[in-house]
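Chain nomenclature is as follows: A, B, C and D, assigned in order of appearance, with residue numbering initiated at 1 for each chain independently.
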Amino acid sequence: MNRKIRIGMVGGGKDAFIGSVHRIALRLDGYYELVAGSFSSDFENSKETGNDLGLENDRIYKTYQEMAEKESTRVDGIDVVSIVTPNHLHVPIAKIFAEKGIHIICDKPIGMSSEEAINLKKVIESKKLIFALTHNYTGYPMVRHARSLVQKGDLGSLRVIQAEYPQDWLTTKAEDSGLKQAEWRTDPNRSGAGGCIGDIGTHAYNLIRFITGLEVDEISADIHTFVEGRKVDDNAQIMLRFKGGAKGSIWSSQVAVGNENNLKIRIYGENAGIEWRQEDPNYLSYTKFGSPAQNITRGSNITSDEAKNVTRIPQGHPEGYLEGFANIYSDVYKELSAKIDRQEYDKSNNCYPTIDDGIDGMKFIENVIKSSNNNSKWIQFNSN
Amino acid sequence: MNRKIRIGMVGGGKDAFIGSVHRIALRLDGYYELVAGSFSSDFENSKETGNDLGLENDRIYKTYQEMAEKESTRVDGIDVVSIVTPNHLHVPIAKIFAEKGIHIICDKPIGMSSEEAINLKKVIESKKLIFALTHNYTGYPMVRHARSLVQKGDLGSLRVIQAEYPQDWLTTKAEDSGLKQAEWRTDPNRSGAGGCIGDIGTHAYNLIRFITGLEVDEISADIHTFVEGRKVDDNAQIMLRFKGGAKGSIWSSQVAVGNENNLKIRIYGENAGIEWRQEDPNYLSYTKFGSPAQNITRGSNITSDEAKNVTRIPQGHPEGYLEGFANIYSDVYKELSAKIDRQEYDKSNNCYPTIDDGIDGMKFIENVIKSSNNNSKWIQFNSN
Amino acid sequence: MNRKIRIGMVGGGKDAFIGSVHRIALRLDGYYELVAGSFSSDFENSKETGNDLGLENDRIYKTYQEMAEKESTRVDGIDVVSIVTPNHLHVPIAKIFAEKGIHIICDKPIGMSSEEAINLKKVIESKKLIFALTHNYTGYPMVRHARSLVQKGDLGSLRVIQAEYPQDWLTTKAEDSGLKQAEWRTDPNRSGAGGCIGDIGTHAYNLIRFITGLEVDEISADIHTFVEGRKVDDNAQIMLRFKGGAKGSIWSSQVAVGNENNLKIRIYGENAGIEWRQEDPNYLSYTKFGSPAQNITRGSNITSDEAKNVTRIPQGHPEGYLEGFANIYSDVYKELSAKIDRQEYDKSNNCYPTIDDGIDGMKFIENVIKSSNNNSKWIQFNSN
Amino acid sequence: MNRKIRIGMVGGGKDAFIGSVHRIALRLDGYYELVAGSFSSDFENSKETGNDLGLENDRIYKTYQEMAEKESTRVDGIDVVSIVTPNHLHVPIAKIFAEKGIHIICDKPIGMSSEEAINLKKVIESKKLIFALTHNYTGYPMVRHARSLVQKGDLGSLRVIQAEYPQDWLTTKAEDSGLKQAEWRTDPNRSGAGGCIGDIGTHAYNLIRFITGLEVDEISADIHTFVEGRKVDDNAQIMLRFKGGAKGSIWSSQVAVGNENNLKIRIYGENAGIEWRQEDPNYLSYTKFGSPAQNITRGSNITSDEAKNVTRIPQGHPEGYLEGFANIYSDVYKELSAKIDRQEYDKSNNCYPTIDDGIDGMKFIENVIKSSNNNSKWIQFNSN
């Protein structure tokens, strides 16, 4: 392709955390050019943001509806839109851009219910669009190496999967202190029915699915709100039974003092076990039964092609969260540029999370809540 | 006291792991003298063991019954017996010695059922005996420091407690390979109905109780046997609801490849969180909400008296499992020597696990199995 | 500023490691636009590289001389050039661009001798140009926090500084295996007289200087070449005496099996000690004498403004090498954009390494070699 | 052997740190019986200590001279004496007991000069006595495993050895605060000319010699006293050239805030590298060039016989400092009991440090001081 992908953004105005992450991610490898945006419902904020980013004035839009309308008719209109608003707007926005034939990169979770996600899927499919969901932890090279170890059978038949994502930033009632991040993430009208299970539990769930490929058969959950007056859960204990017989658990919490973003996954098979931790992401601990634990480093020779493909710099020079995030954007770039150039493209190499992962994540939240509301009764995962 | 405590041992013949641990523990601080034993049902083994230990020939006994009988009538008979046999013999042996007025130190778990433990308690109480159960992890100085932090209120009201004890030594069917440890520990007739929940899950449960003082209100469990043909569970997922509103979980496994004795406990309160790991036991991670994590080291000035009392050497010189084990013995020594000397003794300083902890551990196993047999239904902990 | 800084690059063709690092660094925050380049002495390589990067054909140059000539006369010519060639070309290239009034960002070490660096400085000064040297480790937020702790006096008077930078990639004679990186870095004609002391020892030295501000008074060194036939040192033991009385050492090695890029610095003062490690760069260990070690995390509230200024994402989401590198570029951007806009600029906030650091690094290499050649005699640092 | 070894102790009265360590070490495996002592120059202290330890009154001696005299004439006299006084008394005491034919276990360093140590050796040899020096770190199982890896050639020809032993307990002038440990250890009349180099530097040096077997060819040192008024060094930078061409360094410090007993050794050969740290002693990091780092655990199957011989409990249950110390005592026991029983004994398995290690340690201290006094001139190690 002779040009960069033209991308627009909805959401991500001043003070939005995840918007600036997406912008760094799209810049990192030089594949995208941000040319349009509707960054905030407050147009002043949006204009200021757009100006700081060097956008043309006529491509900073008052509403995303206007943006979809106008960009879809320009010759040099955006190829793809990045949606980084609070959760309740994801699907409505996505739908409008999809109907205009614009591809979509959307922050997670996909929306408010599996139902609206399934409806969105119909539009995406009918328009033959790319839809990528930024479950960004799947972009870490050592996560991809973990997946390839499982796929190659190095672990043997899987038995136990333990995932956890504890944080502590909602230990006190931060939503009352003027912290915007806390406000919308604890407001069920904007974040959805799930609190910590939607915000971070879905990441843990998605990571299990991504690495192991296992499907959950039944789920039992006990979710709770520790901070008085909070409207959503801030701690979740979840037990899992996988199809094929493996067992597991997810613990996610936003009141676990001393944890920043301590996402961790451990996978045990008949022959080997692995462990990966987001806060130290360049390493994967791998133990063959009866042998010493090995510390496999990102960038080392023995890593799989799936890991090498998303490795920019040598071992010992740490890559982090932004690079992992950028990998999702760069994965999408490959398919998108082929599409634009009308070239053949082998989708089997795709690693980025899709709309199906989005629907799956919604079902996870719904099933967790259903089980918890039924005194932790085991719920069939697909029996909604 | 002018003399050492005279101690006898039942179990702990050649190749027994835990017997030699108990012997090191009783030697370490020089408070005990091992003078009698019935180390094995195989008298040849017992004689050889006793000879190696320098015992008089007439104090190496064919049966524990004979030992209880004769030692209780000698002027220089044993003050206390250490019981280190497989689980099914703990209570029968303890009863016989108790009836002869001999104090007891017993390996965990206490036996095969809460019922037999409750019966034993009656004898212990009527004879006014000391009964100590070697839940040895409670002996680690930093565990005691953790307890004192909770008791002092440094963590505030407790919210979440996550405990886990994964191992990997039963990943394959070791019980068929001639490994004695594996044989009896997977034989329900000798170890009890619980496999990994009895062998190590009880340690995790006991540690929660010891540090937090919290009582479990309800328990929900999903236990499983991964290794074909094994007669007991080798993996357990357990959710906990504590009285007062805290939540938690226990995961214990003996098929988690890469884990040796990876007992870990994390406790989160309103104001602070702590984390301790058995494989790195000289450190306690402590985080006050909003402040950097502190690495508190055993032996440092800021540790509590409860920790200092069981600290032998300065910070930076690691103590380990054997020292922790010895602390239980040395705790018992203090009360026992006072008793023998008919001196006043303030029991409030006692830290060693008692018969009540033994009964509690049995109930834990029984409730876990009951819940798991009822598709993980929440079970009232004291409703047996 | 209403436009991005226009940047050109010399060096960084296909397979060059550091060139692509610089390109990611300049993209990350969106401040620069790469518009011109002479990426290789092989013009085909250069053209291919430039095309992949989306450059206009007429701005991909055959020689850097032509590039300096033409870019300096275009209205939309480059503001700054990034020099990422082997070391021997740094100063010659820099001079030509400097003479055309183009600002410079240059990879380290600055060149082949302090003499040529001093000569370059004259040109830079006479033209009032910005010259930034990418000692990139100074860009890590926690390195900046370390510096601010020292400056604020939290450590008290400094006593001991231990720095080390071990690698293992030159354990065997990689320069004979076709590995380009190894070829030029072990060729004294291209890398300079220093092998591992120039390639990585200078980083350790620069980091000491950056964080502590201390000047070296005397230096004693024992450098050695372990791999037979290698033309430069691959291991260096260095002792340091600082002005003011502090002592220290630097160990750098490229044959230390098991070390990837294990740069580490420890600084001990009268009141406190700190430790930072490049492979785990989001954390700074800080110990006040008599208190527990604290683990200070990048992004946390207590970090200094100097650290916060170069922090993009919250604690617990790791940033790494590329972000640190980008911080140098973004530091330069601030001064450069002010210069272009003819605005006031407070240089006191500048953190990026300058030409003086380049000269200082050359003296370090020269003094190390001089001492080592004189059987480790102590050499006065400024007595060249 | 049918009886325990009878051991006496000189030094180790109330408040002495190392005396109680030796007593725990001799008790741990049940091979020794402490029956006599002269624990302090203050006879009241000595009596109290002896009584607490349950000694017969007539075997608590006023002076070590009397003790040597009387014990050597008793039928049940001590077989071996443990000397745990300040350094200046080691050799005088050892000589008196040696002349009476009593074996010796002596704390390190051996004394005040290589000359007195050489003189002592003559007596030891003429009397055919065992003399063990408690360089206790050689007793750690993973140190023994490290030695066996080097001996088996797994590392290939050795290149670089980095050892360090930083502490922080003398950061302030603790010797003026009434702390006995600090008083005598900083008093050259009692500790010898070396301060931190004698107290802990010798441990680092001894550990290098023990694991690698390499001899030092030349040594260059820069020692310093940071705390005003202190009479001995509290920081030492040392460079090493080994016979055969390897290079290395030792850093020891007692003013490095944040370090407790952070002894660490790293050894790099042509084929592999290893790393061991005293504060986490149950693990040895081992990296074959080009392969992932392995974490070898004490007690695991792959450890060498040398390690297994001194391993009491399974992997994952940490052993520590006291167990390592006890291993020296138990090593001595094996040879001593064979000697007493007049049995054959294969000395080639001995691992405990001998009088030659003591002499070597004295030469280390003397050479370090000599080099430092000569502005870090390289000193031939054996050219005294």
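We adopt the following convention: a residue touches a chain if its C-beta (ideal position, glycine included) is under 8 Å from a C-beta of that chain, and two chains touch if they have at least 3 such contacts.
What you see is a predicted model, and the numbers here were worked out from it, not measured in a lab.
For the interfaces B-C and A-B, the C-beta contact count is higher for A-B. With respect to subunit A, maximal separation of chain centres occurs for D (centres as means of Cα atoms). A straight line joining the Cα centres of subunit B and subunit C is 55 Å long. In whole angstrom, the spacing between the mean C-alpha positions of subunit A and subunit C is 35.
The centroid of the Cα atoms in subunit A and the matching centroid in subunit B are 44 Å apart.
In subunit A, the residues that touch at least two other chains are 259, 286, 293, 297.
Residues 2-4, 17, 20-21, 23-24, 27-30, 53-54, 167, 259-262, 278-282, 297, 312-323 of subunit B touch subunit D in their complex.
Partner subunit D is touched in their complex by these residues of subunit C: 159-160, 162, 164, 168, 171-172, 220, 222, 224, 226, 235, 237, 239, 241, 247-249, 251, 253, 255-259, 266, 268-275, 285-289, 293, 375-376, 378. Within the complex formed with subunit B, the residues of subunit C that make contact are 286, 290-297, 300-302.
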